[in-house]
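This structure is in structure tokens; I'll ask about it shortly.
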Amino acid sequence: MIVAMKEGTSRSEAEQFAETLKKEGVAVHFSEGASRIVLGLVGDTSAVNGENLKAHHLVEKVIRVQEPYKRANRLFHPADTSVEIRTAGGTARIGGGTLGIIAGPCSVESREQIVDVARAVKKAGAAFLRGGAFKPRTSPYSFQGLGCGGLDLLLEVKKETGLPVVTELMGIHQLELFADVDVIQVGARNMQNFTLLRELGRCGKPVLLKRGLASTLTELLMAAEYIMAGGNDRIILCERGIRSFDNYTRNVLDISAIPALKRQSHLPVIVDPSHATGLSWMVPAMAKAAVAAGADGIIVEVHNNPEAALCDGEQSLTPGAFSLLMDALRKYADIEGKRVS
Amino acid sequence: MIVAMKEGTSRSEAEQFAETLKKEGVAVHFSEGASRIVLGLVGDTSAVNGENLKAHHLVEKVIRVQEPYKRANRLFHPADTSVEIRTAGGTARIGGGTLGIIAGPCSVESREQIVDVARAVKKAGAAFLRGGAFKPRTSPYSFQGLGCGGLDLLLEVKKETGLPVVTELMGIHQLELFADVDVIQVGARNMQNFTLLRELGRCGKPVLLKRGLASTLTELLMAAEYIMAGGNDRIILCERGIRSFDNYTRNVLDISAIPALKRQSHLPVIVDPSHATGLSWMVPAMAKAAVAAGADGIIVEVHNNPEAALCDGEQSLTPGAFSLLMDALRKYADIEGKRVS
Amino acid sequence: MIVAMKEGTSRSEAEQFAETLKKEGVAVHFSEGASRIVLGLVGDTSAVNGENLKAHHLVEKVIRVQEPYKRANRLFHPADTSVEIRTAGGTARIGGGTLGIIAGPCSVESREQIVDVARAVKKAGAAFLRGGAFKPRTSPYSFQGLGCGGLDLLLEVKKETGLPVVTELMGIHQLELFADVDVIQVGARNMQNFTLLRELGRCGKPVLLKRGLASTLTELLMAAEYIMAGGNDRIILCERGIRSFDNYTRNVLDISAIPALKRQSHLPVIVDPSHATGLSWMVPAMAKAAVAAGADGIIVEVHNNPEAALCDGEQSLTPGAFSLLMDALRKYADIEGKRVS
Amino acid sequence: MIVAMKEGTSRSEAEQFAETLKKEGVAVHFSEGASRIVLGLVGDTSAVNGENLKAHHLVEKVIRVQEPYKRANRLFHPADTSVEIRTAGGTARIGGGTLGIIAGPCSVESREQIVDVARAVKKAGAAFLRGGAFKPRTSPYSFQGLGCGGLDLLLEVKKETGLPVVTELMGIHQLELFADVDVIQVGARNMQNFTLLRELGRCGKPVLLKRGLASTLTELLMAAEYIMAGGNDRIILCERGIRSFDNYTRNVLDISAIPALKRQSHLPVIVDPSHATGLSWMVPAMAKAAVAAGADGIIVEVHNNPEAALCDGEQSLTPGAFSLLMDALRKYADIEGKRVS
């Protein structure tokens, strides 16, 4: 950590300030320039709160050289982490050379719908079934999901198809209900719901953590760190589009987040082209781009009748379109030396 | 609501589509242009899900003419709403011609600190005491607040000073603890924690609802609508800065949100210049700007020793600086024909 | 075009307003709702200025259904346009099934450098040579390019290698100097330099038009329309990253702009992964993603000694890395049914 | 300037690297940490190109402590600069305790219009007349201004009223035409038209430099530095709204840019609430906020008949509304200890 003192700070003032820093267990090096003194803090600076240092009247700037997350940091864990789920038929995997494909409807709407879609995506090659039971909706007057009934349908279909289930948790009060869910999804709007993250750190289940609409990559990794600090390192990071000034697509899918996150962290990174674009015709192009850029998987919406969907129909692929996409993704995975789960 | 059909859609196809719309209780008007048919939906369109309509293969665009919120809408409630809290000494008010001033430290740190700050801000003219007991921090390794102990200290100081207390709730599991809190704050990162909003709709307490860092004004008003749909209309909207590409200030305080929100909604609107800028020297300029633009109040951080603060010291005013700011705000309120609470 | 009148506007007021609209050559349809009147403008609305209509005291909202550009619009020109340059050895092409690869250094620095790089990129398979002679730099104190001398070197190397040359024009006063340049580049900061665009409409040369850092797709297409309105339709659109709140990469490469632009326009779309990311190690991932998403080409920086580059060395590939990237791109083009130029 | 070397860089490698830095005239201090070496560059680092250093394979991060502009920097010029224009009646001033008010129509449309508006704004207290002769329009099919004829009308009205004239230059080819213009405006889209900036550095006339829609404050100050490097320091900085994800207002007026720019630079800072919001009813609130936050002036659109304006009518004040705004601004200026020019 680098601390630049304000112009005019004297050597003795800087030394006095350095004494308070040393109490936090770090060594302090001095660089005395023509116009200002710069301090280099050496040692474990994760205990030092840079924001607090800025409050000091002699401090001009505080700059972190090392990222503030540890467990999520590739520096301390060079090998790729993969997340694995034991299934009836074997093991479903995301990361570590396996492209994990998660597919299903935005919302569970009926037994018929979820069974139809589950069978179709399984046949096409998906390894996980997604489906919302509790839906976070911008309007209190929109369809809010089937709730517990939807969850029951998902678990029923899981039994029938053997597909592990990925579904979104809205709050810690629902944790018990999710006992048989395979991967718990944290939505973009909950990425910094720290109460929830802390609780998930204790639950031992894989967590699919979606990037907030205006969250930096560092903030996403700090959210992962919250979960990992509790002892749970089975985390899948998910890029799902960020807010921008253009509104042709619902959000801007930040494909560069894939190589950026994978360089900084050992955790697997997947992409949600359906929510990012909001446009079903654009989903295949963006799914292929994600794989080309190194993604460890895709989470994509598939509906047996998008025009009648209760939620997000305009972004859902038909089973036929999904099957064609899978054919393309297999070719891309092949070039990148990955297998499709 | 306007629905533009795709080019090439025939009149009979459009009429068939219109029949499905009429089932949702709206009338449909036709505009047949040279190149396309445009439908005008007339009646209560809040039941019609525009997103779903977009999924239809004949639909090109869907445009809402009327905003999707009702209870928060000034159209149906032309008079300003003010939020009032009964106190030992009378009534503290925000909105309706009263400039409500909320001041206090970022975090409650000790009895001495909170007593000192509370006395100082009361003396300078603040009508509410703020202070965090449970803190949402980006890093799991940062100071997370004193928790229940902090809450106890706040309530103790409330008794002593008579100042009503504003403090942040992190999740619905804490609701019981907040029985004696006067105004419950929902942080920017929880603005779309719909589980929390729904619960607050039932609790009857005033809610200070902060705008998310990348939330549109419509999304903020929809979040208010969630609370109001449950029967609680004692809501104070709070602008606290949005994410942008520049990082000189922590966020960009969107001063234009004040007149924009007040035109669309009857709810009071306040501003948090401390979190928005992250720079204590900039707080007075932005607080004055907010009042000049029509804000109903200010929530501002004051610390008796900013350099030693455990949290956000670099954005806290000293009691002396706060007192000077209050002098200026009184003059501004005067010009705008408002009284300071 | 849809015009929603304010609540309370009477039928006769709306009819009077409609009369003024009819003078602009459009027909006007009425939809009379419960709470407001909505007008549908039918005919050629490109002559109607929506912004001006908003100034009318009875108008609430104005909504364009059809995009405001014509010559760039795929609606009126369904087939893909490709841009072709006659060369000594045949024809270099971008678009229409051909992946056009443009490579070279950020700046021309010396004869030796530009010759070395040109030979290397030609050998690896590039069809065009890029290189800056006049450089737009944020600081007046940074290296501003070799100017005319740089241009001469580019043209010399063009003769030797046969590679057509792509280089940036800074203003219309330079147009004469660019007589032998094959493709004129308009930089992101000049995308709305309307004087320049208008002049390029008359010059007949292919134009590589870069998207501004905060320009919408519609604005980019309107900038193309400026050039096309003058009679020049040899335009290559280029996505090169947009401004966002995160600064891990220099900008966020908006990969979804590729399918979005190609759906709206018939013009070829290429991507600049070097300027977008500013990080050479990330360039291959983003170049592959662009091709996977349907790009018609890539413009990429290559330097024979990035560490000694006078400009943007941290984003330049070595010739060896570029050659490996070309191998990968050929495989990707193959899957997408394209040939590499 | 701070250079953090990559982990694993040896002391001797770092020393070798430091030798190359010393050749650029700076001294280098070493901080050797547990995991990496950090170099502090001391001396005049404006000659050192940080971007280039990042290209070195041993460099992890490069951090500037000092801003890269000099002439615009308050550090080297602590006193406020004011821009003054000699007029028939005396001196018109912006900055240094004087609130400069610039008002007039978006475009000059006719002699009658510009005479009417000029008289009205003069009477209400404006010190400068604005009006566009050459208009930068997003669409090639929109009204592009009266051109030279518009310029002639402006100069005629200047003679009649004595108001100095502010108008926008589109390119260096127009410089001669602007000989009698008092303040040359550089539009937001031209803020980084470096050819233009360089030329304006030589012309000696005051320049009103508008911030680009997605330009950082540092970039704005670097654009000013371009002009100042040529010897012209009569520059007025203008905040006119930045791009964001919300579109209730056309742009987000960044009021915090006022105190931020004034802390970093000695140049006067004004605000354009008309273009920023695009909504005439919001202009007074934002103009007052700007003055409250410390602005040195306002540039505001006034039209004698906004509903019939050929350009931007929806954001223009009527002469009556402008006169009321001036009354309010005088009160605000009074509180802030400023006089209205």
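Going by the order they are written in, the chains are A, B, C and D; count residues from 1 in each one.
Quick note on the criterion: a contact is a pair of C-beta atoms (placed from the backbone, for glycine too) under 8 Å apart; a residue touches a chain by one contact, two chains touch by 3 or more.
Keep in mind it's a predicted model, so treat the numbers as computed, not measured.
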item: Distance-maximising chain from subunit D - centres being C-alpha averages; value: A
item: Between B-C and C-D, the pair with more C-beta contacts; value: C-D
item: Chain centre separation in whole Å, for subunit C relative to subunit A (CA means); value: 32
item: Subunit C and subunit D, separation of their C-alpha mean positions in angstrom; value: 27
item: Rounded Å distance between subunit B and subunit C, as computed from the means of their C-alpha atoms; value: 40
item: Per-residue multi-chain contacts in subunit C, two or more chains; value: 214, 243-245
item: In the complex, subunit A residues that touch subunit C; value: 214, 216-218, 242, 244-246, 248-249, 252-256, 258-260, 263, 276-277, 281-282, 285-286, 288-294, 328, 331-332, 335
item: Contact set on subunit A toward subunit D in their complex; value: 2, 4, 7, 27, 29-36, 38, 40, 42-44, 60-61, 63, 65-66, 75, 214, 243-245, 247
item: Interface residues, subunit D side, partner subunit C - complex; value: 46-47, 49, 51-52, 54-57, 68-69, 136-143, 170-173, 189-190, 192-196, 198, 212-214, 219, 222, 225-226, 229, 243, 280, 306-307, 309-314, 316
